[in-house]
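What follows is chain A paired twice: with chain B in the first complex and chain C in the second.
Moving on, here comes the complex of A and B:
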């Protein structure tokens, strides 16, 4: 059985029960609900990052935080808090995502820049656009959009539904479509994939656009959820997006991705911080323990893969 | 102007006392150039700070007080990058550098070079420890203590408190938290039952509070550091808990929420933070030093405090999505200098 994602879910379940152990079971549904709400944002950016990392060594998108900020800032500014503008706002956020993805890939392809450099440099430009467009003012989302993003359906948060639907689409595309096979093949061996007639540059371009669109959706939802776009709203999603991919059991060397693991890892990343906060761990202890636990899970997940 | 008066009142300063010194700037600074070295621009507080700098200094330049007052911000919030920026400013021949530093110690070398080259360095908000620089410091510990003192006046029976901290590892976070814990030690009817890092950001605070709430008993009050009160309130609401007494930090969304709660159910609280306009105070202090005034190395800037009575006025004067602000003028700088002597 080759199921590296099981470790992320196991760790999430452990962190969940450890937190509840403190309250002797009280607050279980509140904690689960909060984990699903906040985990959704990490899961959405994580899915995008997973696709890019699957492209193979050296492929990563470091412009995710800036893309989130820019998409959210422009969308919320255009909506201006007016009711009935939610779809227009979503359209703007998606357009920003596509534009950012195309720009990132253009830098990588035309200038032959390594993706790390290209996306990092471009992210400074996107962040500056966000600053320039609205000078950091937090504009409230329209009430209907705020209600949607903080609301629930069938007991689950709406943002979690969005994250789950995106995860299902990603899984189907990866596992059942030609494009998904092309992506995995490109990630396993770019040269072999090219010689086999796979349009590898098309695959790379579409992957960089997809990650930017996912980041834009996450930014749009997060700003609607938390009452406005802030200039530093994406900051913690840079490392988060990479961490959930690695903890989720996807290969950091590319060519092997894992959709369920991303969601498990996203829940875990929220729950482990909640657990350590609940136990009263200081910031230093919390960071050390979080790091140690992540290393532990990655080792567990990868040694399992080797045995299998 | 009224906010300005409020602020001065908060620090226990009488406005009139400053006027006696108003004609004391003797030296001519009209040929001199002042630069702002700023380490970070990525949040609404810093944006408001830069905006105030621009407005105050444009007026000063137009009035012929100084020849130029240019603002520079580093892109990566790195001490090394800011040190290089300061060295460039020395080479460009600025007469004074107003500095919001990325680190209290890492820039000391560059600051010393500036002093040795005869450049006046005035640090504010993010201050530097180099003795030759001037420091416009905020008594952050006092800010923490005042929050608990206020809660003690409102909640006579005491109870459980939740502490929202700032960015881990930053001096300001340690200081405010220290003040809060001192306050709690002096008021033993309170107990801090939980502490999370909100990074001075509403969305981060909301996430952290949502994660710790299920494990907490009833919370009667929340002590904060600014920029985290609205997110905290949202997390309490989402968890279906009664809204505790949350001390706010002057952000417009916090004030807006406060006004809504007040109209709905008579919610009453206190909001306090540092006005981003402190940059304009630093500008005038630098101008005073250049003018040859006797200025102590260590100055203290008062908080901007908003009470129930001032709420409507503060809300009306704060741009949507920004932070309550006040511009400082020459008289304010002279007052702060006089107080420190």
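Moving on, here comes the complex of A and C:
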């Protein structure tokens, strides 16, 4: 059991079967499909957050919700619901991601702000920008893009495919590329990594850009999926992105990341809510239990670590 | 060490003074008893929440659940404390004790505080929804009277801020136990070697945070006269920003209670200042972010002054 991601998947499977236990097995494929669709958004932002957290203590991106909203708002506004503009919209979302990432890192590097404060303060600016640019108007995504984001391929939702492809790329880059090794080394010991000649600041810069790009992609897809960008669309993904990283078995202290765990945890976070819903729990009880389960998993993971 | 580097308190004081001067310049009529009262109206709960966050940051942790916790205590104040004061007081006491237990738990299992408090934010938020599913409740009469009292010379908010700063300064900077608590943040191991029980100290720090969280919720209801389950969600980020604005550091037990209160006042004033500037409401949040970045940039200049 030295694979930390197993726990997230076990928990997801448990929540899945507990939900189905109530319906005596009916609706299994529908539930799995919904979990993959909604889990995909959490997984995409979680992958980005995982890379940042891997950078080591104090590194976390709190601007993910604002980035999602800003990218989705600007992209949908530019597309204006016209068919055939999907690629242009994606391009705009991606450039918003890059711009936000560069701005975040500039604050962290040039002003030497702690990343928590830098991304927090910057996210207020991004959010204002999103409010100013759409003024509460809800622009529908182009039909072809809406069809894509709610469609399926080989039985799996398209958004899940996007999430899986991004996860595979992240995994290969982390495990097999020089950049991934640099990232892990920086996260384990920044000073040692710098002394070993690793371009630490370059690694940090590219990580902050990557997380913003992932958030932009998630925002773009989420807006297309749900029929338009809303100003609060990213709100729940702030805690979600951190939760899936930790439940997925990545070390919060950095230097040790876990790609499969992020997906397992993303599925789990959706399944546990639908499980509690199907047992008729109200919003209050649902939140209390979700929180208790998160803490329970963290305690379980830590006692395993102490024994090892 | 230069003068500025030795006296961390100078920068927060100067920031507040500059912002206050700018506000008076924009709106000379604010330079009165009532003007000040309006400007700092909501400062008391924010200052108390910032002190609560400071207790956690003092022992090298961070509390992402504070906003949800203050919302919960506000809901308890507006319901139980109003209808059945004894039960209300017991609930508050058990909330403070559970905060202390949380600190002990985090220390005993060596858990990442950021994740545990993240999970707790779901729990507190869920309990708040449970107690008060829709906005409502009412403020206890005595609390309302206390918060609207009009002391001579200076408005309530200013007097209260001075009292909070004085009491916490004596507790954290001057008393023996306060010094030991800051030592936990500085070097936990040597405090442990010196014969102190670390688990008790952590529980004490968290318990103090719980106490100030409860006070924040109560004073908030005294001002707003009603509560809802999301009333103080933004306090999580505001309190972190307040501690850092006040010259605190995320690690090393370097905190300043006076600075934290001044930081909270600065953040409150920034919001009032922006509404005086007749800034389009689209940009108000963003401008708050920009002010935050600006003040922190000033901190950088001042730190470099300390290095040379």
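Before moving on, here are some points about what is shown:
One rule holds in what follows: the second predicted complex is superposed on the first by the 302 of 308 C-alpha atoms of A that agree within 3 Å, B and C clash if a C-alpha of one lies under 4 Å from a C-alpha of the other, contacts with A are read in each partner's own complex, and residues count from 1 in each chain.
Please note the rule applied: contacts are C-beta pairs under 8 Å (C-beta built on N, C-alpha and C of every residue); 3 or more make two chains touch, one makes a residue touch a chain.
Note that the structure is a prediction, hence the values are computed from the model and not measured.
After superposition on chain A, the partners chain B and chain C are seen to clash.
When the two complexes are overlaid on their common chain A, residue A:290 makes contact with chain C while staying clear of chain B.
In the superposition on chain A, A:233 makes contact with chain B only, while chain C stays out of contact range. Of the two partner chains, chain B is the only one that A:278 touches; chain C does not reach it. Judged by the touch definition given at the top, the superposed model places A:113 against chain C, while chain B stays out of reach. By the document's definition of touching, both partners, chain B and chain C, reach A:127.
In the superposed pair of complexes, A:253 makes contact with chain C only, with no contact to chain B. In the superposition on chain A, A:135 makes contact with both chain B and chain C. Applying the stated contact rule after C-alpha superposition, one finds that A:58 touches chain C and leaves chain B untouched.
In the superposed model, A:28 lies in contact with chain B only, and not with chain C.
Clashing C-alpha atoms with chain B appear in a single stretch of chain C, chosen from 19-27, 73-81, 109-117 or 127-135: 127-135.
Overlap of the chain B and chain C interfaces on chain A comprises residues 124, 127, 131, 135, 283-284, 287. Of all residues in chain A, those touching chain B in their complex are 19-20, 22-23, 26-28, 30-31, 34-35, 37-38, 124, 127, 131, 134-140, 150, 222, 225-228, 230-233, 235-236, 270-271, 273-274, 277-278, 280, 283-284, 287. Contacts from chain B toward chain A in the complex involve residues 41-44, 46-48, 51, 75, 165, 168-169, 194-197, 199, 201-204, 206-208, 210-216, 230-231, 234, 238-240, 251-253, 319-322.
Considering their complex, residues 58, 60, 62, 107, 111-114, 116-118, 120-129, 131-132, 135, 239, 242-243, 246, 252-253, 282-295, 298-299, 302-303, 306 of chain A touch chain C.
Those residues of chain C that touch chain A in the complex are listed here as 62, 64, 105, 109-112, 114-116, 118-131, 133, 237, 240-241, 244, 250-251, 280, 282-290, 292-293, 296-297, 300, 303.
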